[in-house]
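Here come two complexes built around chain A, the first alongside chain B, the second alongside chain C.
Then we have the complex of A and B:
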């Protein structure tokens, strides 16, 4: 075949680093590479850098202060945004651009409805994470949002997901977003934390290593209580009710109430069970994966500096394992130093050692975090057979269980082939975590026992019209 | 742990050929052990385009293909599922008068085989297939050809065979095959040993190993057809579409997704392949030209598989020329899905009768010049 699609060519011996993601990890990586005299290409899907946690509002017409948008993290958000602004002329920043494929040391981009292929010599994947969700009856009703999505509504769209919102799930975002919503003038119908209070109290003591994080977490809880927000620990969702739109959350208290069902009126539910890493590009880049018990997910292997199993490919931030924004900033910078070292360029070894020391504490922080916000693994058992798991393709829990119990599918790619699960627009990015839990429980194994969905390009939907020769051919 | 299974027939490869052979052999009363390194029907049999077509095949394949057509008609009875099999018709488009003439020639040459081809051109074509616009001057319709969902069909054959008592072992690679005293001994992963009187080599792109082990290597090459699927769209196309001269093909699945194919992916290693960017982009352009209805849609997934191709693009089907009771069936060169069911049946006949009622001479393993 001829090569109809010209891609730019890297001069022999030149170094062309590409960073995917302009969040905390991507920006700190770019900063370090620029300081070494390189000009990285930084590709990001958002219109403005900052990632999810420090997502910036759209240009113009947005008047809320950084303190209002980012709370305790305003100073960090501001610092990251300033760094990004300062790099403007020294980084080839490509906003509103999707990377939909990685093949043979080149990335395929989609920007303004057009594809483009860009080669790299070194690749830093700082692809971040999205909410992890497990379905429950009613979760597809309009008005049910993820915690992250609810936060994006506030930060980027300047709106809220409802007027009276119930917050459900686990993870640091649960209390933070509830706090942000209350501050924004929304009525918070309650915080329904899946973690029982004794577990959380015990786990929080483990977070004394990180007193700042602990203090912030407790502060949010205290503030919410002081403002009359009911906080329920050990809660489980029963269903969301509503006729075409959320009108109530029915939940169960696993504690003293002995599984009694309770009902709370609300017009929106914001929920999530921690985060899941975006790993498709690492997969397409050929990186080896390993199962991470803490994240209950397969993650790209990386050394302490962020080197993947593929030479020249680095993974930094939540995309390689969820550890939050602070850790991502450190990991991004550390990956950039590793890149410089691997490329034979001068790098600050002292700084690398200092970062290594700080990053080594991240593991302990991750352990404390997952102990304080444990994944409710029992949830998968309570999902009724008619509950939708894969909403793109309309695959219900019972369909997935059926192929598991008669041993047709002992592995998730096989379950995909037989049920269509994960074959739709999201390609399993949204449903695979839930499907993994469900399939594993049905097979009597753990989430490590059912494999992981293989990534295929495009990692997100690609417009047919994006092909470079489309216009010429159509005219 | 050591486990020994004795049986009449050992089948290596649980694709559509091995799976259907297992089913037909069980129906004849043979004891069968089906060995699959991956999951049954997970390789080329399960990830192909899903075209169920006789039209366009070389004439020497048509007797088998006609028999397969009859078996496809019994799919629900055989499998307990229709696996989205639809006799929608297969329409082969001509983009020029020359191509149309080629279709007319094929209609004449294949006249005795019962394909019931109908040439449609000009205004009649546009009236009948308005969705195809003016992209073609005409086409040849095979009304009873169609399409099916390979993800569902191919695994179902091994499952149906198992339900009839075949021993089906997945995730079980065959490490070594020996033959002595009229028995084949297969040493497999997990400490399994299978002893069988007959051996069927239906291992697709990986069949070369057994052929070579018995002294009859063939020029088999792995290629990777490139495919893509859009999000579900309103129904606009019932027929399965091919194009004279090749290039691009497409069908609309019952759910509304448009499945299109064209070009080649690339090998990651001997076992895995991936779509190739230039092929994907070219396919999107060509498919949108052929099916303007997808021009505003998104491609949600691309994929490919690993398929064995022979130099003359005909498969190898029939007895070994070196070893009694060894039968081969592989090298379908991208066109094994429809015909595979009749090949499975022919293999079962070979085991039972020593010959098949379908002509297989064109598919002899020794038809290629010896490889140096």
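Then we have the complex of A and C:
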């Protein structure tokens, strides 16, 4: 019986770099490796490169200009797309392909229902980030989408998630997507920012380190206000109401004594509290993690150049800590230079130093961003026992608290085993932040005190017919 | 009633499919999620809470949008494009069987 999936062999001494992700970090890494004469394999789940921020519309009939799609970021998006197009013959770009496992210097892929194992000598993980959310009653109702998802609907499909949309949470995306929706012609029921105004005002001085980003942010806020959109700072979500779909958002204002409960009619809620890194592959690659107090999450350890704790494995861009697209482009190129150096190939040391200098400023920018849009650290206290935390498996906050209080689970993987929280299709992507906060609060410790939800292959669902064992049996 | 609203890019070719046994129209380049939610207000029902779901992240992370075809195939709606003649199901699994039974008669 022949093996149903190819496992190509790398010649001794040869270098086979693999890049996961074709966003800002992945594309800049590929460009630098190609310039050094290598032919990287670049694997991406999307049909076209660009990542989430510079996501390109599908082929066939889409006509909006890049200015319409990407606004102030159009030039950067266009530059990245052009770089990718220019690399076409020199990069083995594998779109629509999921990397579902990483072990022993090889990746397991899935494309068009078929699995394949590809070996690597060097691996650059540029896996990006998705919205961070904290559950509250009604968050699974049809019509509640993440901020990033709401933007994807508009950018990638020419659709809005509703006719009258409430924007809830915090972070730069909150104002950007509200602005884009208003420009698209739908009603914005309001912007409900969980960050109190005094906190944001204090953080302004930090944002002055990056005046362009600050100016864009102020522009969006000003534009929304000029068009009569109410902006509420210090708002707290209470619940989303609706019979089978969203009909209203109930929230609490920033007033005295816990504030007043308010209600706003809407048919959709776009929600997010900043971003969270996609770290599953770094975990499966064996990278050491550390708790990052700023991201309030476990992140793969990396040096300034992007080297992880595993030789030959690099982490670049938001997948190693959220810093945005500009930083991701720098980090992708820097990781590629580190790879070249580690492989004993010629590399531009001057360029590496210049990138190091620019990346060192990113840390200050990250601090400023997290000060302006802080994580609502008191969330765990506000959540009733019957609130569903794990949307895959329907696990409620009280279930998690009970296993913590009964001392059966002082660590999140134990809580997972006992409750099934984090065991569903998303593997904890949507609930791990919340579960960590709840468990930590119940145990009287910090979010760094309950361990880290570990990744399991496949990191996303595979059809049974695509598993290697099944294919082998069928052939 | 539709959950998603089309606000741009409406000059694309029409693609015909069925949703819960009824004929429906989408546009070329629509994801299955877009196709279903411009024709209705849910993608599926949660196996655990029996509540309707309509996706969440739209970028392949949350896995909330896995839908079924009448043939029983599972597709992630936010990352799979609509195709002519797809027979999609947004109601429960039992309704799927009922719909395929109806369509066969």
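Following the convention adopted for this analysis, the second predicted complex is superposed on the first by the 457 of 475 C-alpha atoms of A that agree within 3 Å, B and C clash if a C-alpha of one lies under 4 Å from a C-alpha of the other, contacts with A are read in each partner's own complex, and residues count from 1 in each chain.
Assume a contact is a pair of C-beta atoms (placed from the backbone, for glycine too) under 8 Å apart; a residue touches a chain by one contact, two chains touch by 3 or more.
Keep in mind the model is a prediction, meaning the values are calculated, not measured.
In the superposed pair of complexes, A:115 makes contact with chain B only, with no contact to chain C. Judged by the touch definition given at the top, the superposed model places A:408 against chain B, while chain C stays out of reach. Once chain A of one complex is fitted onto chain A of the other, the partner contacts of A:462 are limited to chain B, with no touch recorded for chain C.
In the superposed model, A:103 makes contact with chain B only, not with chain C.
Counted by residues of chain A touched, the larger count belongs to C, out of chain B and chain C. Once the two complexes are overlaid on the shared chain, A:152 sits against chain C while remaining clear of chain B. Applying the stated contact rule after C-alpha superposition, one finds that A:185 touches chain C and leaves chain B untouched.
Contacts of A:353 after superposition on the shared chain: neither chain B nor chain C is touched. Residue contacts after overlaying the shared chain place A:161 against chain C, while chain B stays out of touching range.
Once the two complexes are laid over each other on the shared chain, residue contacts for A:59 go to chain C alone; chain B is not touched.
In the three-chain superposition model, chain A touches both chain B and chain C at residues 393, 424-425, 461, 463.
By the touch criterion stated above, chain B contacts chain A in their complex at residues 39, 42, 46, 151-152, 155, 159, 230-231, 255, 263-264, 268, 274-282, 284-289, 294-303.
Those residues of chain C whose C-beta lies close enough to touch chain A in the complex are 3-13, 27-31, 34, 38, 41-43, 46, 48-49, 51-64, 66, 74, 76, 78-79, 81. Touching chain B in their complex are the following residues of chain A: 1, 3-5, 101, 103, 106, 108, 115, 117, 284, 286, 393, 408, 411, 414, 417-418, 423-425, 427, 456-458, 461-470, 473-474. Contacts from chain A toward chain C in the complex involve residues 45, 52, 57-64, 68, 130-131, 140-146, 148-150, 152-154, 156-163, 184-186, 244-245, 268, 278, 388, 391-394, 424-426, 429-430, 460-461, 463.
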